[in-house]
Every structure is written in structure tokens, then in C-alpha cells.
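Have a look at these structures, which come just after this line.
What follows is a pair of complexes built around chain A, which joins chain B in one and chain C in the other.
Here is the complex of A and B:
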């Protein structure tokens, strides 16, 4: 899976937030707040990657077991899919 | 074509219907505009089609004019905040909430409670700008259905997000939560440079202004809880 084009991440009040610009802003209005893990997953989705690939990257970077990381990834991807951001 | 002064800016308005000029009558000025706005028939038609109730072309034009102005404001260091702002003893309190929550109802209660000590700077669509370490709420003719607006500027003392509750309670929120809550109340641009300009202004405001969450009923006690919770910061 991969993130669609047309989203930018900016810092505002020390929070990372993603918003749509240009064409993407016609279908996505609003923002998504990204915590550290969210930002990492977001960045990984810049290029085509599998769920396993993301989970592996998370368990390598953070002190987290595979099962917990997978649950987090699924929850976050579900949010992005719901918003039409990943395909 | 006429000019208005809002947020210390002279704005030219090239209108085709007379409603806009009538709406802006207390803000008319003369001089060289910082920028001019003009809306097309297509924009007016689109606004009429998108409106939740039936609106006339002259009303739709005035809405489009303000949207265009507000999209431009960040280039001049100012921005629109969807909120009802009440001033009390010379300091302003901005109440933001989803439409229909009752922010205008709440600020009207302040007028009743404080009498001549209070006034509504703008009931729905004020502009915010900066003056050194102060954030100023600026009057504008566009102000929601009650028509509460004054052509004045007032220092913003606190920003309060309002929710309905069974009892009255107020608590400070951190800027992270404030970011989430403020997003639905701003006009989010669709190009990258404009996003950066607006975000810089909101970031600056959130660093300067304390934010609160008020859960309240429609009551005089709600006013006392809100005011006592925010006045002392």
C-alpha cells in the first residue's frame, strides 16, 4: 500500500499534522494529527510498502513487540483508508 | 467598488449587488486598498447551490466576498477564527464550538451577567491579528445571524472551546488539544504556501493565548464558571 499524493505534514504548536493541498484537498478536508509512531508510518507510506514491512520497521525502531505494533499499524492504516489517503 | 477598513487593512470590494455595501456601512473608508476582492457569477451560483437554506444572490455574494478576503488575510498577518467573542472589562474571550452548540447563546449570557462591562466584538467570524506580544480581535461586518459586531479591536485574553454539558466546568487544555479543536474553526487553504502562512499565525497565537475547554449549561452559573476560570491567567 501507498499514500496518495497531495498531502503535506507541518508542525503546529509542536504537533505534527497532515493536511491535503491542491487536488487532494477536494476530497479530504481537515487534518490528521500524527504522533511519533504515526509520523514514522506516514513517512514509510511515501513508497509502496506492506503491513509486514511497516511492522518490521516499528519493532526495529521502538521497544515494541510484533503483536502490539501490528495492532497499532492496522488501527492507523484504517484511519488513513477511511479518509481515502492510502490506496 | 468601495473600501472598508478591517484588521488595520484597507480592502477594496468590487461588488455587483448592493447588499455588500449596506452590510459594510460601519466599516467604509477611503484610501489606497492593500488588496481588492471581486467574486464571479460562478462563485455566487456555487454558494447558492451549496447553502443549506435558500439564499439570495446578494447575500451569497457577501459570503463569497468575505471568504475571499479571509483567504487573503494570512498574507497580511491576520486570519479568520470562527468564534463568538465577548469583551469584558477591556479583555476579550473567544468561544469556539461546532455550529449549533450555543456559543452565541453563551456570549449573550455574558452580556446579561456583566451589563455595561461587556460587549460582543463579533458574534461569529472575527479576524485575529498580532500587535507585538498581544493578539487582537478585530471587528468585521460579517458576524452571523444575530448581527452582533462592533468596529473595534480588543486584546484576546483567552480562547475557550465550548461543549454542552449537564453541569458547568472549565479546564485548561494544552496546545496539542487546542490544535485539534481549532482546525474546524479556521478556513484551511488548499495550497502549500498559504497553509504555511496560516499555520505560522496559528502556531504563534497558540503560544501566546491560553486555551480552555468549557462544558456548560445555558445558565448564569455557566458565565461565572467560565469567567472565573479564565480571568486570572
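Here is the complex of A and C:
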């Protein structure tokens, strides 16, 4: 899976947020707050990657077991999918 | 606001939930939102987001222009603000949103309403002046 083009990440008061620009902003209005893990997954999704790939990257960087990481990844991806940001 | 400028500068749209009472009855805080786009060529009747010399961001309607400068006034205000340069205008309202309904600010119906509203504003100001002057005893009660 891969993130759609047309989003930028900016810092607002120490908080990373993703907003849509250009054409994408006509369909997605609002902002997505990203914590550190969220930002990492967000960045990984810039190029085509599998769920396993994201989980592997997370377990390598953070002290987290595969199962917990996978549950988090699925929840985050579900949010992005619902907003039409990943395809 | 830099994000808003960035989104609009990219040719995008930005949804803003305006605060305050100066655009009542059209825009009510907490109920209504506006979709902002690049202002291209702002015109009388447009609701625009602009930045005052003091740095404050304001969403008001253009009610007139004098040469290159615009005159602004909130729908709920009677005192106009003159001398706003086109460079101070960041965005203009394309759509009004209320309870899932939208009003297109370019539609003929809305523009007709705006024209009426702008005319009415002057009458409203006149009425207010009349009331105040009456209260102050500057006019007779039988007038």
C-alpha cells in the first residue's frame, strides 16, 4: 500500500500534522495529528510498502512486540483508509 | 495561518471555522464553516480573509473600493474599515457550510442576495443613526 500524493506534514505547536494541499484538499479537509510512531508510518507509506514491512520497521526501532505493533499499524492504516489517504 | 496560506497557495481549499460575531447573521461561530480558496481578483460582495497591518487575521465582507484599496465591513457591523490593499487579502470564501448544506458564493442566487444585503446595510446604518439620534433627543418623537 501507498499514501496518496498531495499531503504535507507541518509542525504546529510541537505537534506534527498532515494536511492536504492542491487537488487533494478538495476532497480531504482537516488535519491528521501524528505522534512519533504515526509520523514514522506516514513516512514509510510514501513508497509502496506492505503491512509486514511497516511492522518490521516499528519492531526494529521501538521496543514493541510484533503483535502490538501490528494492531497499531492496522488501526492507523484504517484511519488513513477511511479518509481515502492510502490506496 | 502559514499552513492555510500554503494550502491555498497550492491551489487548494481550506475549511475554516470562523470565530466571533462580526459576520452574523450569515456566519455563526460553532455552527458554520467556510471553504477558502485563492482570492484571484477580490470584488465587492466577496467575503475575504485578510491580515490587518497589526497582524490580526479578519474574515469580513468587501463593501466597496477606492482606487486600489478595499473597504471592509462585517455583516454585523456598521463601521467600515478602509484602506485594505489587495496584498493583504489571503483568501476568499467559495462556499458557506451549515448543517451539511452548502451555499456556493459564485451562484447567481447568492450574488443577488449579497447585492440586496449591501444595499440594506446602508439602510440599516441609517436606521441605527436615526434611532440613536432619536434617543439622544436630536429628533422629535413625532418624526
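Note that in this section the second predicted complex is superposed on the first by the 87 of 87 C-alpha atoms of A that agree within 3 Å, B and C clash if a C-alpha of one lies under 4 Å from a C-alpha of the other, contacts with A are read in each partner's own complex, and residues count from 1 in each chain.
What we mean here is this: a residue touches a chain if its C-beta (ideal position, glycine included) is under 8 Å from a C-beta of that chain, and two chains touch if they have at least 3 such contacts.
Keep in mind the model is a prediction, meaning the values are calculated, not measured.
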item: Three-chain arrangement built on chain A, chain B and chain C clash or fit; value: clash
item: Partner chain(s) touched by A:45 [first = chain B, second = chain C, both, neither]; value: neither
item: Which of chain B and chain C A:21 touches, first, second, both or neither; value: both
item: First (chain B), second (chain C), both or neither touched by A:58; value: neither
item: Which of chain B and chain C A:86 touches, first, second, both or neither; value: neither
item: Partner chain in contact with A:34 - chain B first, chain C second, else both or neither; value: neither
item: Touched partner set for A:8, first chain B, second chain C, both or neither; value: both
item: Location of chain B clashes with chain C - one stretch out of 113-121, 167-175, 185-193 or 221-229; value: 185-193
item: Where chain A meets both chain C and chain B, residue numbers; value: 8, 10, 12, 17, 19-22, 25, 29-30
item: Chain C residues within the chain A interface of the complex; value: 2-3, 6-7, 10-15, 35
item: Interface residues, chain B side, partner chain A - complex; value: 175-176, 178-180, 183-184, 188-192, 195-196, 199, 202-203, 206-207
item: Chain A residues within the chain C interface of the complex; value: 8, 10, 12, 17, 19-26, 29-30
item: Residues on chain A engaged by chain B in the complex (per definition of touch); value: 8, 10-15, 17, 19-22, 25, 29-31, 33
